[in-house]
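Below you'll find the structures, each written out as structure tokens.
In what comes next, subunit A is part of two complexes: it sits with subunit B in the first one and with subunit C in the second one.
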Partner chain A sequence: MEFFSFTDPNVRMVTLGSMLLGASAALVGCFTFLRQRALVGDAIAHAVLPGVCIAFLVSGDKNPWVLLIGAVIAGWVSLIAMDFITNRSKLKTDTAIGAVLSVFFGFGILLLTAIQHSGAANQAGLDKFLFGKAASMNQQDIITFSSVACFLLLLIFAFFKAFKLVSFDPDFARVIGLPVRVLEFLLSTITVLAVATGIQAVGVVLMAALLITPAAAARFWTERIQVMMLLATFFGIASGFFGSYVSYVAPSMPTGPWIVMLLSAIALISILLAPRRGLLARTRLQRNNARKMRTENILKTFYALGESTTNWQQGFTTLALQEKRAFQPAKLKRGISHLRRKGLIERNKEGLFQLTPSGFTESQRVVRLHRLWELYLSERMNMAADHVHNTAEAIEHILTPEVEQALLEELGHPIQDPHQSIIPYQSKRK
Partner chain B sequence: MEAFCFILTGSFVALSCGLLGVFLILRKMAMVGDAISHAVLPGIVLAYLVSESRDTIPMLLGAAAVGVLTTLLIEWLYSKARLQMDASIGITFTWLFAIGIILISLYTGQVDLDQDCVLYGEIAYVPLDLWILPNGKMLGPGPVWITGGGFLLILGLVIFGFRGFEITTFNPEYAAAIGISTVFWHYLLMSAVSITTVISFESVGAILVVAFLIVPPATAYLLTDKLQHMLWLTALFGVLSAFFGYYLAVAIDGSIAGAMSVVAGIFLTLALLLSPKGGVLRKQKIPSRTVG
Partner chain C sequence: MSLTAVEIHNLTVTYDRRPVLWDIDFSLPAGHLIGVVGPNGSGKTTLLKSIMQLIPSSSGYIRLFDQPLEEVRHRISYVPQRESVDWDFPVSVRQVVRMGRYRRGNLLRRLSAQDKALADHAIEQVGMTAFADRQISQLSGGQQQRVFIARSLAQEADLYFMDEPFAGVDAASEDAILKLLSSMKEAGKTVVIVHHDLQTARSFFDWMVLLNTRLIKAGVTKEVFTSQNLQEAYGGQLTILSQVSDLVQEKDFPIREKQYRDKP
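Let's look at the complex of A and B:
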């Protein structure tokens, strides 16, 4: 609880710094995500390590600006290496990413261990770059990384429209005369910068999560990039806050993994529960659609059974329905009880199922759509009459009243479909 | 003797990883291999905690299971949750790896692992970790036996499964048509990658496994188009990387595994620049065409 009072100025600094790092990484990550370069971000994060070590070896100092410059240069070199391999050899993108990632990281580990073994003064703490440790940041670190994060935010605000266009449709951007190469260079630079600062919080190994997971989670909630970026930023801030809290209550814990745990939990919740794009929402929609099709098919079968005697006021057994159309027994049963709940089917005195008046109207509607569509295909599309049934079978469940009206007008309220069956209109039951 | 132990262990790791890596990069699944190598970490830690020992068999079974689980999770995110592939991979492995690191931090003392070891292994301890039978007979360094056994396992798999891997890699439709299950070979490969990761884990750490999985096969791929040549070349580059890597590490007193991956990277760079087919520094010969 001491943590939340923020009386300790150091706690205040660290928390603010982590939140800013989380926010800027998440914001930049939205572009990385949209350009489908998540794993490139991962590779850059790993590749930054040798840069940090070389900067330390050259300067003999842990000045954050110097380390940052080393990190940015190494990040850039890794980007160039990946592009070079992909464009100039037969190796595929994923191989290029994996090779650059592991070789750069191995080089970084080699340098890091050599520095540690050399016993150089003040080298302790370089290994914090591996898993991140928000609490070990000193004031100078926080000022440096926070100013970079602010610079990133400004850059994104200034070039938002252009970045958006380049991320979604670089070809179109080129056609309307945007300097695409410059913009892509800028986007890569801000990715490298965000990675180089973000590893302070989560470390090189898990940096990909800070970059990508907020954006991926946000994507499930919205179709609009502005909203997506706001949400991702919020997730990033929350994770930065959470990370510095963990650093405070459990100093022996590495911060990065806990930040990633929170972000993954957010992502999982978003994947499952987000409205419309979420898994549950989509499953429910699919189930509803499937049920709609099933019940409409049952109604249609009732109509067809009645049509042979032009008497729709008789009851049928489920067996009779199954003989007419191959329903799965369990699904037929569920469909009928659903229709009975909706009052479209009732059980008559003999215990047989029959259409209610509103059920009859509804069955007429489905059959009408089916036959109108068949007629439309054969008359206007010149399709053979024996080829139109299957598409009509699918589209009858989808056509809206507006389309129905348009079809009626287009075909002049026809009486018969291509198979010479009567097209039913709203009328009293015979 | 010490140097021989290091190089032998490194070579065994490089050979097992490389043989599988060839199929990974040909199937464009290099980054899935990367993800699996990260994701087996929680499996390893849990196996330690549950069995309270380093029993090899439960560990390997656990690893194979986690590897398949990782693949399933990535595929679930991609096809069911409709997330793009790169993000599916990124989210899956960072999450599992984070769980592993947290478990290690929670059970320090109970688990004979630390965070640095996870990253670059402890190949330097190989000669110290002697394997002594209950009757007092010395068998030499344990890791050499373990990685050697792993190598034989993978070698057997690749030899006996060669046809299956080959056909499901290059011609999955044809394989399916003649009744070979691509799914079976897919998950067999994923399990083998996880097992190799676990076997190599103590020696080179979770991340440098990736260097051995991807870099020597990539180098070989630049030099040849034939699968068998590619496997042999991969083996050659793997062993050479282990050999020169060891001496590089000694020269600058750094991580042996790190140095081995740097040497592997140097070979890749040379192949990129000088390969007879499409090397960047060589003028590409355009085959002269005759009409008719």
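Let's look at the complex of A and C:
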């Protein structure tokens, strides 16, 4: 593929520029995300459109610096407008944000349409601000926006500590005498700047995705802010790269939607696969818990069946197990084959199921925990003997060896549970 | 003679023009453990916030160690109510406590080894060393509270304001923290604590401020903790005051002339 050879200097420039834009937007977006200002970011993104249009109308020129200044001013006016509405009226914040977003964006579309119909020379390409077109950046654009992006990266690097504190606990920052207003002004300004440069690649409509999605996706993978910002930057770089690629292979396509598709895929993967916070990890944990409970209950039932005759070396049918405890047949079957694979249960000569020596030890452990916990509940928490069983049913499966040890010491290695059943300790099978 | 740590004159604070602190006037001596007590919504949090200048006051002025806050910031520490921050923020216990060492002057630099050691020592003092690298959302409410206290200790201030630092803290940790605060008192520090539990307040504090929108009484615990004062603070005698508050809000009435604002 010609794109990946990067022999064309123009392709190189566009790719590098897009990656920088993606990185700076994602990095700035981390603070927008952590301060829970995603909606404000979206409003700013939409609000810069009239700024760009007015800058063009006034200067009659597509000089990137002029357009950038227009965008930044419009972004700032929108921020002030949102603040003003929330402070001075009884409207809720989200209402104010929504109002500002639609008014500014509507006005921007109006201006854009007017410009396109005016037949002004060199107006062509202004509509790329709607959905973005990375490849349409010329050399001057790229230099301009890349230097702004680099400036943002440096600023975040320098002010990282302060931004972190202001995002986490602004009151505390104020109390220790940090210039919180200045810092918040800086944070808002870098958001506006990141938006104003990022729209080159994704356009105003989808800019919020480039700002917020990398941070939101990165949050799933880590509990540490530094790691989160690194990951988000990486996602931003990837989307910039992808955007310029699409823009190059399909010149008639806007790049924004493609970048957003990639970002959504990253977010989706994060939601599903991230360790601990991800959906899959959580369901797997729950499934493992359910299986552990089931197999331990089967072992306990074997123990109970043997207990009546104190002979644990006999085999039982699944029916006998089911009579003792209401298992769902399919789940019982799955549980038994799992236990057989782990060598805790075996099939004897008569074709019946019975505990192996290690299975017996394990069943003793489960029963011991159950009875110890029952005893603890009734002795230390004064629960009635006929109430403790159900509580112990659930808790016995999560007690660790450390807790077991503590229970044994606390209760003085007891012999009987509240129902006068023997508490089994490690012993050879009779 | 004892130094005055906090001096408050004619402080009035309004939310949306509704007065929630009305003409508060008291001073607190340095070197004591001082409790601020009053029913829910009596303005305790508001009092601390206006001392820290986090919310504007309509009138009155406040002096700390006989100076305005701006001059003595480095000697003051503030522990907000736990609910005031997002505990899902991706930082560790250690990172939060180190924030106690942030200053205007070291904002753009890394913390010094001494700053880091102070933070670690503060973590140890509240018994959170085992959790130092945990993310703060994976802590219990009481542990989160202890993180805030550690951050405050790391500041090495002379005057501490703490908003319900014992909320959700178990009895054992409460004891330990209280011992810590008492030893700070011995060292001449002043600790002002908003506290909810009347039972324990009496034994915790040697000074007390009893509050319910207006000041009921500030003084030595023995004098403040009389059944008459408590009845006045907690009994339902505020109906007239709250009626007037409503009126003020409704009529958009200025609660005090503007020029009264600062020290005469």
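Methods note: the second predicted complex is superposed on the first by the 359 of 430 C-alpha atoms of A that agree within 3 Å, B and C clash if a C-alpha of one lies under 4 Å from a C-alpha of the other, contacts with A are read in each partner's own complex, and residues count from 1 in each chain.
Following the convention adopted for this analysis, contacts are C-beta pairs under 8 Å (C-beta built on N, C-alpha and C of every residue); 3 or more make two chains touch, one makes a residue touch a chain.
Since the model is a prediction, treat every value here as computed from it, not as a measurement.
Novice: For A:105, decide between first (touching subunit B), second (touching subunit C), both and neither.
Specialist: Only subunit B is touched by A:105; subunit C is not.
Novice: Classify the contacts of A:161 with the two partner chains as first (subunit B alone), second (subunit C alone), both, or neither.
Specialist: second
Novice: Now for A:225: first (subunit B), second (subunit C), both, or neither, which partner does it touch?
Specialist: It touches subunit C, and subunit B stays clear.
Novice: For A:118, using the defined touch cut-off, is the partner it touches subunit B, subunit C, both, or neither? Pick first, second, both or neither.
Specialist: first
Novice: Quick check on the superposed pair: does A:251 touch subunit B, subunit C, both, or neither? Answer first, second, both or neither.
Specialist: neither
Novice: Using the touch definition from the top, say if A:169 reaches subunit B (first), subunit C (second), both or neither.
Specialist: second
Novice: Contact-wise, after the overlay, does A:36 reach subunit B, subunit C, both or neither (first, second, both, neither)?
Specialist: After superposing on A, A:36 lies in contact with both subunit B and subunit C.
Novice: Tell me which touches more residues of subunit A here: subunit C or subunit B.
Specialist: Larger number of subunit A residues touched: B.
Novice: Go through the superposed model and pick first if A:271 touches only subunit B, second if only subunit C, both, or neither.
Specialist: A:271: touches subunit B, not subunit C.
Novice: Regarding the shared-chain residue A:177, is it in contact with subunit B (first), subunit C (second), both, or neither?
Specialist: Second partner only, subunit C.
Novice: On subunit A, which stretch or stretches are contacted by subunit B in one complex as well as by subunit C in the other?
Specialist: 36, 219
Novice: Under the definition above, what is the set of subunit C residues touching subunit A in their complex?
Specialist: Going by the criterion above, the answer is residues 49, 52-54, 70, 73-74, 76, 78, 80, 84-86, 89-92, 95-96, 99, 102-104, 107-108, 135, 137-138, 151, 155.
Novice: What residues of subunit A sit close enough to touch subunit B in their complex?
Specialist: Touching subunit B from subunit A are residues 33, 36-39, 41-42, 46, 84-85, 88-92, 94-95, 97-99, 101-114, 117-118, 127, 130-131, 205-206, 208-209, 212-213, 215-216, 219, 252-254, 256-258, 260-261, 264, 267, 271, 277, 279.
Novice: Which bits of subunit A are touching subunit C when the two form their complex?
Specialist: Contact set of subunit A toward subunit C: 34, 36, 158-159, 161-162, 164-165, 167-169, 171-179, 219, 222-225, 228.
Novice: Which part of subunit B faces subunit A closely enough to touch in the complex?
Specialist: Going by the criterion above, the answer is residues 25, 28-31, 33-34, 38, 77, 80-84, 86-87, 89-91, 94-95, 97-99, 101-102, 105, 108, 115-116, 119-120, 207-208, 210-211, 213-215, 218, 221-222, 248-249, 252-255, 257-262, 264-265, 268, 272, 275, 278, 280.
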